[in-house]
Amino acid sequence: MTSPSDRPRAGAPTAADHRLSMDELAAVIARDIPSGAFVNLGIGQPTKIADHLPADSGVVLHTENGMLNMGPRAEGDDVDPDLTNAGKVPVTELPGAAYFHQADSFAMMRGGHLDVCVLGAYQVAFDGDLANWHTGRPDAVPAVGGAMDLAIGAKDVYVMMPLFTRSGEPKLVPRCTYPLTGVGCVGRVYTDHGVFDVGPEGVRIRETYGIGAGELADRLGIAFPG
Amino acid sequence: MSRAEIVQSADAAVAGVEDGSTVLVGGFGLAGMPFDLIEALIRQGARDLTIVSNNAGNGDVGLAALLAAGRVRKVLCSFPRQSDSWVFDGLYREGRIELELVPQGNLAERMRAAGAGIGAFYCPTGVGTPLAEGKEEREIGGRRYLLEYPIKGDYALIAAHRADTLGNLTYRKTARNFGPVMATAATTTVVQVDEVVEPGGLDPEAVVTPSIHVDRVVRAQARRYTVQGAR
Amino acid sequence: MTSPSDRPRAGAPTAADHRLSMDELAAVIARDIPSGAFVNLGIGQPTKIADHLPADSGVVLHTENGMLNMGPRAEGDDVDPDLTNAGKVPVTELPGAAYFHQADSFAMMRGGHLDVCVLGAYQVAFDGDLANWHTGRPDAVPAVGGAMDLAIGAKDVYVMMPLFTRSGEPKLVPRCTYPLTGVGCVGRVYTDHGVFDVGPEGVRIRETYGIGAGELADRLGIAFPG
Amino acid sequence: MSRAEIVQSADAAVAGVEDGSTVLVGGFGLAGMPFDLIEALIRQGARDLTIVSNNAGNGDVGLAALLAAGRVRKVLCSFPRQSDSWVFDGLYREGRIELELVPQGNLAERMRAAGAGIGAFYCPTGVGTPLAEGKEEREIGGRRYLLEYPIKGDYALIAAHRADTLGNLTYRKTARNFGPVMATAATTTVVQVDEVVEPGGLDPEAVVTPSIHVDRVVRAQARRYTVQGAR
């Protein structure tokens, strides 16, 4: 469940000379998604990944509110209140789409039928623990949606996030301090500064963007070469 | 006896809901929300309701209006906090409404269990998280699971696309969402539809909710609603 | 679950002057099925009940292999190998039919959505225990099908059977000696000699056919007037 | 990766089934039985199989032929004994095949659980009967339940009506039966269909098995089979 595929990425750099924008990062993730995979893209930044999937990728997008083969965002006259993604944004359907109800949709997720899901996160721990639903602030209105189901469901769970908070705290941490979404569920973490494998054997740097692996390991307090 | 009734008004459709009832309300945000039935429920006046729904209302319409009217004691949902959930947020912060947060898939599966006569089930979702508190945990085949119990409604209020006069239902696109599951999980299932057709007017292969799960059907009023970009 | 409806039966006799044939019994049961009910008729004798339902009864027949609003047996050119009842006999569909898969079909049954099911039986106990799947003979190939699911699922479970075996043994008994299908699940037993309510409060004779209630009680070893 | 493959022969469709596999076989009697796939499986030669199916074969065709070929170690089913189940009956009486009898609804629900990631569930069916032996019992809300575990297949062989080239499926009438459930419960789901259409050729509202549950699709050979009146 937590072991991401290790197949080589055709033409992928093992490093970039600058910190990636979220759009560039979305392109990196898109390239890592196997052709023909069934994929759920979490709300927020991961949604961008869809824009970078090649037209012939054959990737089929799942939205947990009950659809496979979801198309791009709907614009203008194509907006249909009965057709939205999990973020409640109007979307379109592609040929070969299928609709199903919520129990079937989550059976798909929980049953391990999705190949990849990409989620945003507040924190990811070196062992793959995920925190992405609650900041722990006592006055916050809590909301979980499908995050916990996605976290434990997909064959490969990737996280896409900036590596540091605005105040410079790492979000890839030895142990999550925010309330957990799932235990040991994340396999790979894509960030603006680099890509990491996480899991039972700890964290490992796969590639870095605009920073040396040694310096990056240092800032995160992880062993190098990881 | 159990055959569905086609009623002439939303008010007739929600007649009999008692104070303290548990009401399952369909919809994912505004898609699939049974506006006419909720408005009729507000007129009907039942109080102290427990509402089971994916969200806790958007803007000032539908479920949010029911909350604003002070009829709801407790909400079971997966995602109350949205950019336009100010009604719920206010009530919650003032301590005037109770919230039970349920992961979205558990919400669906627990209602399915109620409809399917399953006593309880072991589910991997939420293990090791704060939402596991108080739940029985069990390891099966090397994986950790939590014991989850059915959620049964006294009433389900849902929106579908077409019904035949027997009560068979089809839905439209992602507005299907919780409707088919809720229809199975309530003692009395009430449906608003865009169109009612004669038996034979729906393809038997494409019926999503068979008539056995439907008690009352009413034609919805035409309505324009804005799609929200807020989860 | 086990309390059959006690509404009066319009025009029903409380006794008949002769032992009923299975066809006559089917007519009696048909008259007792409420208008508009969702009903499952077990394979064998209970199937006959369908022939006696008035055209305007609005009764909807369920077959556990995945259909509601099943029509009569198919004949000639109407035979379609893809459309059979639970006994694998070709049937037809009525307007307003719906098809669904086996898990949904049994969710319907187990979830208590059927109003009535009528089953055959080897034995029924005074307290409503049912034995209808196995004679207990060690050399028999056992088979259970949907019997156990139906027994515990429908709101009212009726049994239709001859009251005595060919060798004259009662099939309505203080306690089943055959392996059970379900515990305390039957509410009413329709037989050629009479109709009985069974359940936690024991057996009660509702009506008799061609035999006095006293004599019938005697033959079954039950208290009279029951 | 996971997208369904349209293969050109039933032999290609069943390639790779290993000795000792658990194979879910669709059909209720002959309706929905995947004849082409079973015949290919006989040619393929895998032995020591565990078969999960509602029945245990009819006449000398399909599943009965697989049993007669001596490839099956064990059958999980609800209703082996039928008027035309002489192949199974013979093997069973000679002690050459193992039988696990499962009530029909439990068979379906246990496969659904496998497909839905449910670890186990409490089910009221069979309480107090010989089929409860060895099962954990629990009282919930005053009712007795048995703990039932998922049934997962290495392969599912099923028959559907139409597929699109992505693998979305529709079925035909009561031949649907176990197909949609089995498709979710196997590592590799293999489907024979009457017709393959382009994406867009199936109504998205009427797809019964979404493509995510399908691995290989093959067009079935035209066939006439007799309907049996035997359960």
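For clarity, chains are labelled A, B, C and D in written order, and residue numbers in each chain start from 1.
As a convention for this text, a residue touches a chain if its C-beta (ideal position, glycine included) is under 8 Å from a C-beta of that chain, and two chains touch if they have at least 3 such contacts.
Small disclaimer: the values here were computed from a predicted structure and weren't measured.
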Chain pair, A-D or C-D, that carries the greater number of C-beta contacts: C-D
Longest centre-to-centre distance from subunit A, chain (CA-based): C
Centre-of-Cα separation between subunit C and subunit B, whole angstrom: 35
Averaged-CA centre spacing for the pair subunit D and subunit B, given as whole angstrom: 33
Interchain centroid distance [CA atoms averaged], subunit C/subunit D, Å: 29
Contacts with two or more other chains, residues of subunit D listed in rising order: 109, 112, 116-118, 123-124, 171-173, 204-205, 208
Residues of subunit C touching at least two other chains: 93, 99-100, 106-107, 109-110, 153
Pairwise chain contacts under the document criterion: A-B, A-D, B-C, B-D, C-D
Complex contacts: residues of subunit A adjacent to subunit B: 43, 63-67, 79-84, 86-90, 93, 99-103, 105-107, 109-110, 129, 134, 139-149, 152-153, 179-183
Subunit B to subunit C touching residues, read off their complex: 1-3, 112, 114-118, 164-166, 168, 184, 198-200, 202, 204-205, 207, 210-213
Touching residues (chain side subunit B, partner subunit D) in the complex: 109, 113, 116-124, 138, 140-141, 143, 145, 149, 170-173, 203-206, 208
Partner subunit B, residues of subunit C touching it in the complex: 34-38, 58, 60, 62, 68-69, 93-100, 106-115, 153
Residues on subunit B engaged by subunit A in the complex (per definition of touch): 28-32, 54, 78-82, 85, 88-89, 92-93, 99, 101-109, 111-112, 123-131, 144, 171-181, 208, 225-231
